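The same subunit A turns up in both complexes below, where it pairs with subunit B and then with subunit C.
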Partner chain A sequence: MLENFARAIRGEGLLPDNQVICPNYSAESAVGVYRNNYRGNLRGALAIAYPVIQKIVGQNFFAMMAKKFIENHPSHSGNLHRYGAAFGDFICALEPGLPYLADVARLEWACHLAYYAQDADPLDLARLAQVVPEQYESLRLPVHPSCGIVKSRYPITAIWHAHQPGMPADFRINLDDGPTIALVSREEDEVRVRALQEADALWLHSIRAGIPLGVATFSTLECYPNFDLQAALLNLLPVLTA
Partner chain B sequence: MDNRHILSAAIGGLLALGLVSGNANAADKMNMEKCWGIAKAGKNDCSSNKSAHSCAGQATRDNDPMDFVAVPKGTCEKIAHGALKEM
Partner chain C sequence: MEMPAALPCTAGIGLRAPHYREVLRDNPDLGWVEVHSENFFDGGAPLHTLLKVRENYPVSLHGVGMGLASTDPLDEEHLSSLRNLVDAVQPAAVSEHLCWNAAGGAVINDLLPFPYTQAFLSHVAIRVEEVQEKLGRRLLLENLSSYLFFARSEMSEGEFLAELSRRTGCVILFDVNNLYVNARNLGVDAKAYIRTLPVDAVLEYHLAGHSIADGMLVDTHSSRVCAEVWALYEFALQHIGPRPTLIEWDNDIPELGVLLDEAARARQYVEDRHA
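== the complex of A and B ==
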């Protein structure tokens, strides 16, 4: 019965009239009302998670993309904030003529996850000060749950910033500016996006995988001899936790 | 510079800078109260049954008196437009 209902809501089947207890409407129109609300909720969830995409393509095109996406991606959670993870991949397959759009969507999803990620205490420097230098090599630094990294061939960090509320409408972004690694973090309850250097990104990737500070640093230095650990620590302090 | 020295120099430098990391984290989520009328669009904590949406984060306009965010107890009344009761 529930399976039938879910199929009917997705528009893949009809419910027999005797399964809908609704004296004034036919099963079809009653389910139609429910379906419209269901789709409207999902469309709203997408619009909240992907404001930059909506700003770039405009409301009409966004509504069309959302409609197509919703048709093929049923919601799997009672929590609407979990809906829309695959929108970037969907845009990629859609090939809307804006090659950077899918990566911007992936960046927005990382921001969305960051906003709702769990809290964690920041790295306590007073406690770090008590660690004896002999143990630095084996230190493991947990990374904040809100931290996300999105790589792209396009300057997605600049595109994201240019489309934030209150930014001037006349901006120039050169799509050939080269690849970007975007770092997403949540600091003081605000989601932040900034570009990361390749060396710092590699180091953070190792640290996040739980690799001790020594190995993470020395393997980064092998690939990037100019890697500056102190600068990286300073830069990435907001995403490191206790 | 040998490997070990790289680590101690970097961490030593970090500590010497004496950064006070912002400890304004949400260490205590206890003692919160619902504060209506102050939520930014899209940043509300949960919906009331009167508002036109069904989920946290779905408020469509700023300062909707029917949406709330959780704030530390005692602060709501200090915020412009903040109300402890739904309007």
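== the complex of A and C ==
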């Protein structure tokens, strides 16, 4: 019988009249309050996870997108922060006219995950320097749980930064300035987004897959002969752990 | 089961994101704070903030997503996350709602009522015991604001809570505004309800504001506590006694000063009763 109630709240059925009692208003009004709460809570969760999308499309359009998304994506967790992972894919299908929008949404989801990701001890360069050269090749470097990588044909890093609180409204971004590989990290509790060089991205991809330092570096050099391991290590320090 | 360092018998506020920075900076005079547990699951940046708050105030963890009365299986991942949070924060209290949120594989992220029957009593009791065992401590369970009754109910919510407490050792978080909303919407006899509650098992009060739409009171936690709820709180204080009391505000969140003002008023009520 709770299933009936759940379906009525989602707008997929009616609650049988003889099951509930409302002395002062209709049962449909009561279900209406729950329906509003349900949609409002999920819409609120999407608004928290996707502030840049909301800024780009405006509140009304965002509310319309959220309504359609909620209709087709029931929640599966009592934790609202888990809701909305598929919003980027959904936007991709909904809005072919704004092709960069889906990728910006995917970047925002990576930021959302980074904010809540577990802690890990940062990589200590001084300790790394003490590793004897023979062991260097076989070293595996765990990647920080907050690390996210989002690739796009569009300059999504610039778009994301332009829509952060306090940024001037009169920016200009050329959509042909892509493609971008956006790196997401969390540093001092702040989520950071920056663009990554292709070589560094390839190297990080290997490291993240658990490939030892030697093989990862060698295969990166094969594709990008100018790859500089030392520079990459410094650049990627925030997403590497001990 | 033991409760480490109980909440102080004074007023606290529900601490929400817009006020984190100010509370950490100014350290306002507050007995304790309560936060929604799920906002701090998984650790990360939010937990760092909570641990800093915890250095200055006793913390109560208030869950909104466990769905103790759900007919779907208990979400073990959710429970583990809560367990990890409890271990990290060492809160003065851990509470959940007497409600369900999952049936047929989908979750409704809200606090939903169910029929107060013997069958549900056994069902909820088993789940409360499972959660208490996993957490190694007793739970506070909160009464709901509800917009409908189920025809199948065999007892009142108050009787259900009293029996649940007797069976499982869980205790009661009595939300005065929720009862007031039910009295107005559903005709519940508020004073009779309060007399149903086992006095010794009530360990915390919640106070909040509601809104009114189409003649229905909606529990929006979006305004000051109204005069009628203060009066009902006064009745509860007389009948049950003073307990840690929370000012809750979740929508249209005002400046911190407004919450502190409401908390100061609640503290006056509690201290008058204590004297």
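The definition used in the following text is that the second predicted complex is superposed on the first by the 232 of 242 C-alpha atoms of A that agree within 3 Å, B and C clash if a C-alpha of one lies under 4 Å from a C-alpha of the other, contacts with A are read in each partner's own complex, and residues count from 1 in each chain.
Assume a contact is a pair of C-beta atoms (placed from the backbone, for glycine too) under 8 Å apart; a residue touches a chain by one contact, two chains touch by 3 or more.
All values reported here derive from a predicted model rather than from experimental measurement.
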Combined model on subunit A: subunit C and subunit B, fit or clash: clash
First (subunit B), second (subunit C), both or neither touched by A:A182: neither
Partner chain in contact with A:S75 - subunit B first, subunit C second, else both or neither: second
First (subunit B), second (subunit C), both or neither touched by A:I159: neither
Touched partner set for A:D124, first subunit B, second subunit C, both or neither: first
Touched partner set for A:V57, first subunit B, second subunit C, both or neither: neither
First, second, both or neither for A:S29, with subunit B first and subunit C second: second
Touching partner for A:L229 - first (subunit B), second (subunit C), both, neither: first
Subunit B versus subunit C as contact partner of A:N41, first or second or both or neither: both
Per-residue contact with subunit A, leading partner among subunit C and subunit B: C
First, second, both or neither for A:V150, with subunit B first and subunit C second: neither
Subunit C-contacting residues of subunit A that also contact subunit B: 41, 45, 80-81, 119, 189
Touch list for subunit C against partner subunit A, complex: 38-39, 41-46, 48-49, 64-67, 70-71, 75, 78, 81, 100-110, 112, 114-115, 147-152, 185-187, 214-216, 218
Subunit B partner contacts - residues on subunit A that touch it in the complex: 41, 44-45, 48, 51, 80-81, 119-125, 128-129, 133, 136-137, 187-189, 213-214, 217-218, 221, 229-230, 233-234, 237
Of subunit A, residues touching subunit C in the complex: 1-3, 5-7, 9-10, 18-25, 27, 29-31, 33-34, 37-38, 41-42, 45, 74-81, 83, 115-119, 146, 186, 189-191
For the subunit B and subunit A complex, residues of the former touching the latter: 3-4, 6-15, 17-27, 29, 42, 53-58
